[in-house]
Amino acid sequence: MPKTEHWQWYVEESAPTEQHHHAISQVHFAGRSEFQQVAIVETPVFGKMLILDGDTQSSQHDEKIYHETLVHPALAGAADRSEVLILGGGEGATLREVLRHPDVARCTMVDIDGVVVDLSKRYLPEWSQGAFDDPRARVIIGDALAFMRDNEDRYGAIISDLTEPLEDSPSNLLFNEEVFALIKSRLAPGGVYVLQASTASFHNASLHCKMARTLRKHYRYVTSFVTYVPAFDTDWAFLACSDRVDLATLEPEIIDTYCAHLRGENFFYDGMTHRRLFSLPRYLRRMLAASGETF
Amino acid sequence: MPKTEHWQWYVEESAPTEQHHHAISQVHFAGRSEFQQVAIVETPVFGKMLILDGDTQSSQHDEKIYHETLVHPALAGAADRSEVLILGGGEGATLREVLRHPDVARCTMVDIDGVVVDLSKRYLPEWSQGAFDDPRARVIIGDALAFMRDNEDRYGAIISDLTEPLEDSPSNLLFNEEVFALIKSRLAPGGVYVLQASTASFHNASLHCKMARTLRKHYRYVTSFVTYVPAFDTDWAFLACSDRVDLATLEPEIIDTYCAHLRGENFFYDGMTHRRLFSLPRYLRRMLAASGETF
Amino acid sequence: MPKTEHWQWYVEESAPTEQHHHAISQVHFAGRSEFQQVAIVETPVFGKMLILDGDTQSSQHDEKIYHETLVHPALAGAADRSEVLILGGGEGATLREVLRHPDVARCTMVDIDGVVVDLSKRYLPEWSQGAFDDPRARVIIGDALAFMRDNEDRYGAIISDLTEPLEDSPSNLLFNEEVFALIKSRLAPGGVYVLQASTASFHNASLHCKMARTLRKHYRYVTSFVTYVPAFDTDWAFLACSDRVDLATLEPEIIDTYCAHLRGENFFYDGMTHRRLFSLPRYLRRMLAASGETF
Amino acid sequence: MPKTEHWQWYVEESAPTEQHHHAISQVHFAGRSEFQQVAIVETPVFGKMLILDGDTQSSQHDEKIYHETLVHPALAGAADRSEVLILGGGEGATLREVLRHPDVARCTMVDIDGVVVDLSKRYLPEWSQGAFDDPRARVIIGDALAFMRDNEDRYGAIISDLTEPLEDSPSNLLFNEEVFALIKSRLAPGGVYVLQASTASFHNASLHCKMARTLRKHYRYVTSFVTYVPAFDTDWAFLACSDRVDLATLEPEIIDTYCAHLRGENFFYDGMTHRRLFSLPRYLRRMLAASGETF
């Protein structure tokens, strides 16, 4: 029969009626951990991709858009960057970005799935770029909540790279009053808590708004920031929570000064990009201002 | 055989190895005009979609992101808004946005494909919202270049809603020195020429950069602005060309004042969104600053 | 964006995890009748296709495989071919095949969906090839059961071209004791009742076997015959029911003599093909011989 | 984002506009041998599937349809079954079927790709069912032509399980006068040469006919036999070549007697199925009878 050039596809739904199809040029790994299905595939446009339970976690060619956005606004706004905590973040790229700042004395990362961490070290070294071997890295395989309950360290920034609280997701357990109080109790004074916070395009921003409304009860400043992430095929939102600073008010010059201290160069983020991230489109600001359900 | 709930799909490629699949709930029209294949389909997420030669032109549910971005920065920056020219724009939504401003005394729209204009009137009234019947609208079915050659009217804003100059596209003919000179000769003093200007994600921004480099030879200010358009499945770029004003420097307050004069409310655009549009990510600013080919 | 050559697809599932995708070159019609969604599309390999509620009914390029198989074994085995009744068969190709035999004095066809009949006349003339205008054709738009209840004509062959009794199908109502008795009461002595009878590949033959088991309670000979139909993407089964003759026993020579009387040439069927149709593979004969549920 | 239940798909084209999509439940292996891309995946309907360069070779749930058809008509018709040669056949299922007959004293299998043989032993034991360890099996990793040139053994049956001579296939080299003469020289008197011989549905049978026309110049009897193979998504053809016997003439009783000697039970093949396989549909017999190109 005629040869098909592209015969293995990875299909991600953004709705039951909307799908993105990626042709797979190579399968590096496909299997199960104790917690989830894990696949590491390679595609011509995105390079290597980490897929957990059918959802893209990050892609080689655009992961910096996601990880620089997740990490640097938080560190730029934190009063003290010496101790940083990452919840999740198995690929090691969040850890990599944190450790690029010389102020960071220790970065603790707690991820429940040691298999994903090991596979990332083996197949995705471009993500961690040696961060797992940095003496300032403390990597703990275990439950992030249990870790925070058992360990009273406090952090200038807590960065949540966990999946969002969908109906059927185990992360749902990570989104309730008790957990909010626990996380807040582990923030040092002037600390910033930042989390990836679901999709934010015109048709899929309601979960994000619900997350924002919920967190507003716990922090003085709860600010959304948003960027399109090509591998996620939609606008993606983040939330910055702090009692001291509204990250949206940080001027580009402040951010550029912060960035000048980072080891190496940024791909996506700087003062101008910060302004883009925090200048939300009108429809989203109106959705965020409306009242509605909370968790 | 088991019933498939979604059995008709519209597939758009953003690369030979990347596809977006939209389930079609209804086909309103499928046929050919003299110039192209035309389909008007309906999908649950995007509502009605106009598809020309397999490329999404706009969707009911997010066309305002595209059309407000195409029109309002240009009108906000133009020294005189009384006469406006639209090249292409068959759906009538660009016309609709222009006519929302009371300063506009006449808006001329020249589109080569009368079939697309007629189908849009019939099947896509949500796009034009009566604009075709506005006494200030002058709609001409014909070749935009021929019209400008034959007709020496000058315009405070010229808005190009034509397809971008791909290798195999007829619009390639619209992207050369003679055409640039012709368009500029039809701009009134202080006029702004704005055009949709191809994709601008990390992997597909090179055509946009080539367009920007080319136009810089003709105008003092050539400024890129970018937004993610969900129906296009990628970041989309625009170019604003002027000898008088760099649209990037317009402060949010100026834009909000401009918007206050528009009939009805904006969905996407206002001062804050203007800042988002013109604050480009670092990688794109670096690509735009690099030297390279021109048309 | 790059042009996709094939951008509209018709997807048929044979299981939730198995799909056949046909690229659509043209949409001739897409809409709804009172009873079902109707689409008439064209594809390079199959030509025009009639699709009802997402299921392929027949394709221009291989419909003769289906329709010759549905009609000619039944007519070849019937004691009297002067009166024939077709249940369903909206496209008109079953009617066409019946009328090819000069013994047929009248062929009555009862289909509930007049819209499908009209669309078939307009868009699918290759199917009926004038059969609707044959003076021997009596075409009734209405409910096949009601027709048989109200009208006591008897037929040498009754040919059911209805959809099979799937869980959620209206045809389920056509598969019960009362209906079997009704149909049998309309068969002339020596008459043959033949019906299309669902899929028959290794993984999807159980509904067919249940249909066969059920009908065995009503007729002395209930014989399965099977052919692969490319547009259906699977082996397809038929059932011949008679108290007089087991169609499997008709020798190729008898069939070839029958075929010699037909107007025009067959594409698929003749004595040798008859032998193929009725020589079932071992796994299917074993499934048919096993005991199990009936309707 | 919403979870997609089926997110990895294997797509096989039967034409550029016709695709079959299989949802993958598990990837057992994905990589390259020296000769080709190799994937072993699992799907709900077909079980495990071996895929070489994007083409399905066989599936766990229907491979017996293919392998029983490839092997048993040939062995049933061979004058002497003591020595059998298999060209290709890496999965080991052709070997398994040959060794089911007690008359076989030795079965030699020559496959060029040792990686496929090793992967089949490891991941596809259901195919070979211990055949590789049978003392009558002689498995040679190497070039089949070179083997036949260097080794003058003669065989009562030669079974070619090689890919068909497509334009861009290395098997093209295996389809020329020199090779035909070589194969024939290795047949014992009364020997049968059988080969899988491409697709045979109404739209894709021309390569098969060309293969048949070519071989008719070399053997007295060249007979096509055909079955639908669900995993191949089309009718599949085989050719039996012999100077002594036309396999189409073997009566069902002869075949059933042959089958009674096989170890274990057949799934697909027996006397009745033999009749089905060799009773070709009318359109295919006409195509085979027409004159045309040869290799």
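A, B, C and D label the chains in the order they appear, each numbered from 1.
Convention: contacts are C-beta pairs under 8 Å (C-beta built on N, C-alpha and C of every residue); 3 or more make two chains touch, one makes a residue touch a chain.
Worth saying up front: this structure is predicted, and the values here are computed from it rather than measured.
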### Task
Any chance you could name the chains that touch chain C and chain D both?
none
### Task
Overlay chain A and chain B by their C-alpha atoms and let me know the rotation angle in degrees, rounded to the nearest 5.
180
### Summary
The chain whose C-alpha centroid lies farthest from that of chain C is chain A
#### Entry: CA centroid of chain A to CA centroid of chain B, Å
33
### Message
Roughly how far is chain A from chain C, centre to centre by C-alpha average, rounded to an integer in Å?
### Response
56
### Task
Let me have the rounded angstrom distance from the C-alpha centre of chain B over to the C-alpha centre of chain C, please.
51
### Task
Would you mind listing the residues of chain C that make contact with two or more other chains?
5-6, 14-16, 19, 234
## Note on the structure
The chain B residues in contact with chain C across the complex are 1-16, 19, 24, 26-27, 30, 39, 51, 53-55, 166, 168, 199, 204, 232, 234
### Message
Per the contact definition, I'd like the list of chain A residues that touch chain B in the complex.
### Response
6, 14-23, 25, 43-45, 61-62, 65, 201-203, 227-228, 230, 233-235, 266-270, 272-273, 275-276, 279-283, 285
